[in-house]
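The structure appears right after this line, and notes come after that.
A, B, C and D are the chain letters, set down in written order, and residue numbers restart from 1 in every chain.
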Amino acid sequence: MPATPWIAPALDAQLKIAIHDKMALGRATEEMMIRMMRTGHGYFWIGGPGEEGFNVPLGLLTKKGHGPDYDYLHLHYRSSATILAMGAEPINLLRQMRATATDPYSKGRNFVNHFAIKPWNVVPVTPTIETQYTTVIGTALVQQRHGGDGLSYVTGGDAGSAEGDFWTCMNWSTRPGRELPVLILVTQNEFGISTPANQTQNNLRLNERANGFGIRNACVDGNDPIASWHALVEAMEYVRHERKPYCLQANVSRLYGHSSSSGANRYDEPDCLGLYEQRLIRENLMTQAEIQAVWDKHNAQLAQDLQIVIAEPMPDKSHVLQHVWHEGPAGN
Amino acid sequence: MANLAQAIRLALHFGEENLGVTDIFGEDVGAPLGGVFTATQGLKTAWNTPLDERGIIGTALGIAYAGGKPVAEIQFCDYIYNVIDLLKLCGNVTWSSAGEYHVPMVLMTPVGSGIHGSMYHSHSFESIATHIQGWKIVMPSNPKDAYGLMLSAIAEPNPVLFLAPKALMRQKGAELIPGEPADEKTLHNMIDAPLGDRSDWQPNWPPVEDYRVAIGEAKIARAGTQLTVVTYGRMLPLSVNAAETLAKEGLDIEVIDLRTIYPFDLPMVKASVEKTGRLLVINEDTEVTNFGEHIIRKVLDEAFYSLEVKPELLAGLDVPGVGLAWGYEQNSVPQADDVLAAMRRLATERA
Amino acid sequence: MANLAQAIRLALHFGEENLGVTDIFGEDVGAPLGGVFTATQGLKTAWNTPLDERGIIGTALGIAYAGGKPVAEIQFCDYIYNVIDLLKLCGNVTWSSAGEYHVPMVLMTPVGSGIHGSMYHSHSFESIATHIQGWKIVMPSNPKDAYGLMLSAIAEPNPVLFLAPKALMRQKGAELIPGEPADEKTLHNMIDAPLGDRSDWQPNWPPVEDYRVAIGEAKIARAGTQLTVVTYGRMLPLSVNAAETLAKEGLDIEVIDLRTIYPFDLPMVKASVEKTGRLLVINEDTEVTNFGEHIIRKVLDEAFYSLEVKPELLAGLDVPGVGLAWGYEQNSVPQADDVLAAMRRLATERA
Amino acid sequence: MPATPWIAPALDAQLKIAIHDKMALGRATEEMMIRMMRTGHGYFWIGGPGEEGFNVPLGLLTKKGHGPDYDYLHLHYRSSATILAMGAEPINLLRQMRATATDPYSKGRNFVNHFAIKPWNVVPVTPTIETQYTTVIGTALVQQRHGGDGLSYVTGGDAGSAEGDFWTCMNWSTRPGRELPVLILVTQNEFGISTPANQTQNNLRLNERANGFGIRNACVDGNDPIASWHALVEAMEYVRHERKPYCLQANVSRLYGHSSSSGANRYDEPDCLGLYEQRLIRENLMTQAEIQAVWDKHNAQLAQDLQIVIAEPMPDKSHVLQHVWHEGPAGN
């Protein structure tokens, strides 16, 4: 029974407000996790504040479900807003942040924002930069053979595109007559930890690297969720229906630096949320008070969530040997 | 009798028909060649990849994520060393995702020396492989075991590394694979691609049957009482031969064919050492941080006080490669003479 | 006293000035960060590479071919596994070219657990590294040794892998590096970059002197008669502490700091085991095909009949990673308690 | 003392004849080695028959010498004609073919055509496909800093370009303000062992992959030594003087298949030697008899060489541990 074909929702007023809601949720969750780290409720933080303008549209445009009829997600560690937009529970991110035994993504094993959600085809986020650009080939290959309009997308940072795995992805997805439905995403925040992009990249539009393979590509201002929405719709429509790769770069901000190791301090870069809120007000879609209410709602919920998470058990000796091997029948 | 390459091919065919294998792929794995050792000739799901090992392993992992059953090949294990990070991922995502995903994939690769392969067609891989967590690792020494281990590998829900001893690829078995035609010419005509143009060729598969060699079960290849020899792959026939030769000198040596390298059959090894009081581990990998040292350490842990003489490892010399000229290979990888000498010495050493 | 990261930095500075170092490079190695552990801050030849480990190693090998003296860094050894093929090349081209070229390069990388690093900032690398031929491998346990080993590594004409125990990076030494200012505040003001904007900052290097720790020479970190403990890196201070604690129970334990992992100081280890009759090897790498098993095997080869009780390895559990939550790390990597318990048990075991 | 600047020789009649001489030498040497393999004087053959039309001009245009003032060569296993054009002794190739102890490139350790010649900056040929595209960065970096007109070139096959190391090479050689004098060569013979290029490459002009990096690039008929000469002069002039990378593809034949493992049988592909000889005759530069004399000369010499090589010692136990470590002072 093939899944219903995917039709992107219309970008009406309601959806614009929903996008804001999810962006705020993403930001509030990340800021809560930064606070957790500072107050000893976590060892290390890395995440996506500054990327919500792109990541929320991405999540909302994902064909969510299990199996090759649906999209496969090969995510970066800054993708929180994407999975929150898809409906993930913020409390689960807090659990992974605190490394509790209840963390559903890794049982307290992996750093925060390293998801694994089989019902939604979210394959494990890897700490190894850029390897996701090789695994995406496999899910897309299954989808190419399966038919339908499911695609596989992969996302990663600008610096990481220096790894040859980016090349591998472009090459394998353009084999003649065997093109793959892969959406190759890159987030350009102009840094790899401390290294400025202009020291290592001769063209900050990394999507243009795809010209070498004749892969259609574009670059969008990821601080603008409306532009991002349209760019994603165009890219995804192409991949879903042409069954060929597309490379899209989103220019984004890295608002709290690389990670808690580099301080997680707020930097003065364009903030997609502030910009979008001004626009919503300007376009009379929301009032300042309504916006505030969104933040209050999320913050209140997160504060409650934190209390729950803090009380939850931590992994102990009994957990160490769980899941070394899969015991049941094979098949994801 | 099928040779080892044919046995793998038959197993993969059985796997395609009965065990859900969706993709058999790697460099030159598909038509027209069907693998540099012909192990994948004529298989319906076999295809050629770009020359890119990172793409091969990433693709296998992705196929496994998407519900497929991939059998990937690295053409020679000598060319696997640019993907160790990806092998580690394959082995750790089940654990790191706390069981959300698992990785039912098989990776096969030819290993070892013995074909004048020079520096880059002579590597062994079990020592580094066993240090990568989350993989089961098998290595047959004969065609029937190759068949049975491959079926188990395909059925296994965890990643399995199938090491094929390249020097034995053309070696015929002593026992038929269930369903294999008794006459090897018949088999050849059925499943070996013709020389020259093969574009219209189709194999005619014999009705091979389900036969498994369980992962984790070693086999006593020759029973004996005076020395336990633990080995596998290419060193197994050499060791059995040496044991037969030494039997004529009155030495009764037990040779264990591990078959599964990880997790290895410690109970069988331990029982044997408790009986013989002596242990010799033989493999062709280089000797520093060699998997055989792990076997020895595990035996020490479980049976130190049963050992009458010091346990030993016979392995490859710690040099940067196996040189092309025979003088190199002969003097850096254990040969029949070395095996014989080590076995004789250990079996007769004064306790 | 300099901490371990500062000691490395001082050594690299000395190397730039006196030993011909031409390039110190890796991800975030140059300004402004100077390395994730600040070990390369302020160095005049330090530069930032693209995020590409294969480029880093290939570049190092190319610089060495062209007469330069590269010191490359892999940011964490956890990210070294996509370049094992290139490390093998670095280690084998001298042999394969029959001495036409050699490879004077240093590769440094932080290793081990202890900083809540989760699955990918907790790896150990000595077991796989020692199975790669043609490299010398060192690992300091304190700043002065780090300094002396780094100078020897730089002066060495063969590739040297410098493993830096990341949990000890901020640890201060007990002894001054020759030429180091006695007051650590002074040192800090001279060589540590200020917080915030560093664009105008320049280090003021103290006149550090030539001081070498020879490759291949271990050190008796604590002399004793009842048990030989062989260890290195992060496990060394834990082991010395445990030995001091056990001394109060009347147990006299010898702790050897290998310092060089390959080629390791077998004569010193052997002499110690012949004296004590007991051997415990401790490291934090996972336990299957672990370098400590090689040490044990070499000791068996040379001193089996001196052993009064079975030699043991205390190492990391064979799980796919060190989990983030403390409960994982505590129960899968040897901790102070485990070290103490293993030492006590082995020292008191009935022979 | 900086080396004299390099000036490419003029392509006059004499040089055209010299090119033929070297091409014939390359072919005769390879064919002798194929015979050696067939007659038990070698275990395995792999080499460059079919690439002489490109490889000889490459060798003749190389600025030959030791150190960063001269060109560094990161070669493929089909590069025999290049080093023979530079003046290498054919007998040494036969020695490596037979794996004698006298083999100067590897002492009988490596397969044939795996050179290492320090006085000419020929760094060790690696059996690992494509790793040479990473080592070339290092020699070029030293040259970029050193100045002068020395360059580093790297060559490899079409299939091998699928490895990410090709990407690494392009990326590292275009860091802004730090461009490297690298000549990136690819030989397109439309096969990787048995796999046809059109199964794995969506554009057989692999040089166009370099468009993604804005690297100047071109494609030349490698079966035509005159066209190859001019293409190489143009590419090398650019790299030597602009100190920037250039990517050049040569379309070549693989006349004896992949290697002795696949039979080393002669295939019906365009033969650069036959084509060039027709041209030399057509242009009245050589007669058929003169051409025959060239072949006879080389074949006679090679026959003599073979007799010498066959009598030379093979490596034995005493050789195994030599050169594991370099003992002298550091510095190549």
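Everything that follows uses one rule, which is that contacts are C-beta pairs under 8 Å (C-beta built on N, C-alpha and C of every residue); 3 or more make two chains touch, one makes a residue touch a chain.
Fair warning: this is a prediction, and the values are worked out from it, not measured in the lab.
Greatest Cα centroid separation from subunit A: this falls to D. Of the two chain pairs examined here, A-B and A-C, it is A-B that is joined by more C-beta pairs in contact.
Averaging Cα coordinates per chain places subunit A and subunit D 46 Å apart. Taking the mean of the C-alpha atoms as each chain's centre, subunit A and subunit B sit 41 Å apart.
Chain centres here are Cα means. That of subunit B falls 37 Å from that of subunit D. For subunit D, residues touching at least two other chains, in rising order: 106-107, 109-110, 128, 162-165, 168, 171, 175, 199-201, 324. Contacts with at least two other chains are made by residues 49-50, 52, 54-55, 79, 82, 85-86, 94-96, 119, 133-134, 319-321 of subunit B. Across the complex, subunit D meets subunit A through its residues 162-168, 171, 174-176, 179, 198-203, 208-214.
Interface residues of subunit D, counted against subunit B in their complex, comprise 43-44, 99-101, 106-111, 127-130, 159-160, 162-164, 192-195, 199-201, 261, 314-317, 319-321, 324.
The touching residues of subunit C, counted against subunit D in their complex, run 20, 22-23, 49-50, 52, 54-55, 57-70, 85-86, 89, 93-104, 133-134, 155-158. Those residues of subunit C that touch subunit A in the shared complex are 27-28, 30, 32-33, 36, 48-55, 78-79, 82, 116-120, 317, 319-321, 323-328, 330-332.
Chain contact summary for the complex, subunit C toward subunit B: residues 54, 79, 81-88, 91-92, 94-96, 119, 127-128, 130-131, 133-134, 262, 286, 288-291, 293-294, 296-297, 300-301, 304-305, 309-313, 318-321.
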